[in-house]
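Two complexes come next, and they have one chain in common, subunit A, joined by subunit B in the first and subunit C in the second.
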Partner chain A sequence: MKTPAACVFIVDDDEAVRSSVRFLIRSVGLQAQVYRSAQDFLAGYDPRHPGCLLLDVRMPGMSGLELQQELNRRGATIPVVFISGHGDVPMAVEAMQQGAFDFLQKPFRDQDLLDRVQRALARDTESRSRLAARAEIQVRLATLTPRETEVLQLVTRGKANKVVGAELGVSQRTVEIHRAHVMEKMNASSLAELVRMVLDSEHPTHNP
Partner chain B sequence: MPGAPAVLCVQQRDSEEIRRVLAALHAPIRECADGHAAIVEARSDPLSCAVVPLQMSDMDASALIGALHEVAPGLAVFVVVDNPAVSEAVLVMRSGAHAVIDSRILSTGLMVHLAPLLRAR
Partner chain C sequence: MNGELQALLDACIDAVVIIDHQGRITTFNRTACRMFGYASDEAVGRNVSMLMPSPDREQHDQYLARYLQSGTARVIGIGREVTGRRRDGSEFPASLAIGRIEGHTPPHFVGFLHDLSSRRAQEAQRQAAEEAVREARERLTHVARLSTMGEMTTGLAHEINQPLTAITLYAQAAERIASQAKPDLDEVLVALRQISAQALRAGEIIKRLRELVRNRQTHEELLDLNAVVRELAVLAESDARVNDVRLVMDLAASLPAVLGDAIQLQQVMLNLVRNAIEAVQAPGCERLVTLRTSRAGTGVEISVSDLGLGLDAAIRDRLFEAFATTKPAGTGLGLAISRSIVEAHGGRLDWRANEPRGSCFHFFLPAVNNGESE
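Our next item is the complex of A and B:
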């Protein structure tokens, strides 16, 4: 399935802000979609769609901060840039503590907003490619036989083939054959790369 | 509580007020003169958190947060700022601060941010 182009999702209850920000975003060749409320955004949001979220803090009904919490609860990784006309320091701190990518006060210069949008889109691209790489590693790990998985676990802990063989009750030659299969199936060119793959799969947040 | 990790306070103009709040929270305190001394402290003993000003004599808060997180990953660092602007607070948060505390409401800010953290630890 072809990945859709990145989109800047704009959620603001102020029609004038929605229109002007959408115009600005589209003026630099980016896609933009607008929503008048947090609920409308949640109803239409597909987390597979790459992009970033420009979010007003204060809106009737669900606030921007509440929408951010809901996205966090759902495990969404979309970068959130808050835009607020009533922003104060505690509000900005809370938004950043919850993982906001940035917080911009109205009125802002067009270029300031565009710079933040570009950085947020770059962040989204990075995190999506990292997640895709982890998923690919999981797929490769699933192709290993139980014995190959045992060998993988032991060699990535730094154990020599001879030691692995002794622990598993097989010959060193058998370990070498399993190890070669592991390297091939995991598409790893070195032990260091194999270790990195295992670390990535075991600790998916160690390199957020 | 004996043996509880200390709160590290770096080069604070209002250190007396901080001492008072931390005493009320029953939190031990360690004080040091600048950023480099703070890094040495963080290396030597576990800390519950750190309270630092935006600018120290030898480095700014962002540099110190980075250095502290090298030696104590995840350490909560609170940055005290005089009358902070939102943009300033956002920059400090982006550099890894746990929270920004407005020096004009120092006691309240410390209570609000440190109490839950110290309780949790």
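Our next item is the complex of A and C:
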């Protein structure tokens, strides 16, 4: 599947605001799509589409916060930048606590918005490549034999070949051969890299 | 004159003055003495014109002569309001009734005078009191409007912030485009047009706000209530939005004109819409408020309905009483003032249960005859 270009999704119930934000985003050569409500956005949203979300906190119907909760529930990782109006700071704080990427208070300077959009897009790219890498590791792990998997688990816990051999009841030489196969199949150049791969596959990537 | 008749005249609470055909005073009772400041024997024998200010004073002899010649009565048997002149030259209003005394040739005339100065003073006092009440009502109405606007600040600030945000972004984007090596002028034009449209939008909000906040006298004019509602929309909608409520305006296709004060009527509608918005905040209520205009009989009905919990009978009875409130921060004046505004417009503000649930506050305003506003 060819990945589409990153897009800035804009959800705001005020026509003038969403059009002006789209105008600004497009003026720097980025793609932008506007939605008048949270429901409209959800109806057309494809989580495979890279990008970031600019979200008005306060909207009739489903609010920005509720949309964020729904995206969290669906496991979507799209970074959300909240745009809050006057006096909505408590809502913005709540949004941040629920994992929003950032927020902006209206009216704001274009550069502030563009900086946040760029950072959010970078975050999205980063988390998508990490997800892709994790998926790749899973594919590689699946190619290991049961014996190789046992060896992998023991050596990544820091056990020496001799100890692994003793635990599995095989010779140190056999362990070394399995270990070489594991390194090859996992495409790891060092034990450290192998350990990182195993950790990444066991624990979902945490966003820093 | 016999003693009985004299006693009768002196007991009379009106001044009684009898004159002969030349205007000479022949009888001047006690009340007349008190009213004009002359003793009876000072007045008797003198011309009655001394009791009048100019120009009657100079012309009374002619009036009398003309009547005697033509027989055409101008005052006799009719009665009128006149001005009397006291001995000290001061004047006072009085009602005068004149009768011709039969049995004398040439005829005599009797005049009854009733001093109106105290009645006039009472009337002036009553007018001043009415004026004071009207002014107090206008002040109170204005204060209520100010307090409503105060409560709406958050929504209004948000509403003004929207066009400002759009203006800022368009201006900055246009600047960015214009400073490129080969600027796309069409794009710059798009931004400039949007900037002016949004500046006008912000201006419109501020204009509406100023009109409601301004202290002003009642100003009645022929109104198309749909237009009055539309003017209010920007403010009412901002309040609905900030409270996460959908406000639907359901306006009749056309309405007959009514006579009224647009700002005060907007105040009533805003008050009702805000109450409705509050009513649907109750848990489990659909957050929908409808502001409707419709033709009703010989006039127009305005109604604001909500899907809230409705009203208990106990609250219903005291709904429009001043200082009766169910809200923690309410003054209890909103509905009382609204009703007094509607009543001053010849209408009546009332409550009925809304279908399928909630409240419907409605008021009727009589149409002006032949005043169709299409």
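Note that in this section the second predicted complex is superposed on the first by the 202 of 208 C-alpha atoms of A that agree within 3 Å, B and C clash if a C-alpha of one lies under 4 Å from a C-alpha of the other, contacts with A are read in each partner's own complex, and residues count from 1 in each chain.
The working rule: a residue touches a chain if its C-beta (ideal position, glycine included) is under 8 Å from a C-beta of that chain, and two chains touch if they have at least 3 such contacts.
For clarity, every value in this text was computed on a predicted model and none was experimentally measured.
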Subunit C versus subunit B on the shared subunit A, clash or fit after superposition: fit
Contacts of A:136 with subunit B and subunit C, given as first, second, both or neither: neither
Contacts of A:193 with subunit B and subunit C, given as first, second, both or neither: neither
First (subunit B), second (subunit C), both or neither touched by A:20: second
Contacts of A:115 with subunit B and subunit C, given as first, second, both or neither: neither
First, second, both or neither for A:66, with subunit B first and subunit C second: neither
Residues of subunit A touched, compared between subunit B and subunit C (which is higher): C
Touched partner set for A:58, first subunit B, second subunit C, both or neither: second
Subunit B and subunit C, minimum CA distance [Å, superposed model]: 15
Set intersection of subunit A contacts, subunit C complex versus subunit B complex: 87
Of subunit C, residues touching subunit A in the complex: 154, 157-158, 161-170, 172-173, 176-177, 187, 190-191, 194, 197-198, 201, 240-242, 244-246
Subunit B - residues contacting subunit A, complex: 84-87, 89-90, 93-94, 98-100, 102
Subunit C-touching residues of subunit A, taken from the complex the two chains share: 13-14, 16-17, 19-21, 23-24, 27-28, 58, 60, 63, 85-87, 106-111, 113
Residues of subunit A that touch subunit B when the two form their complex: 87-89, 92-93, 96-97, 102-103, 105
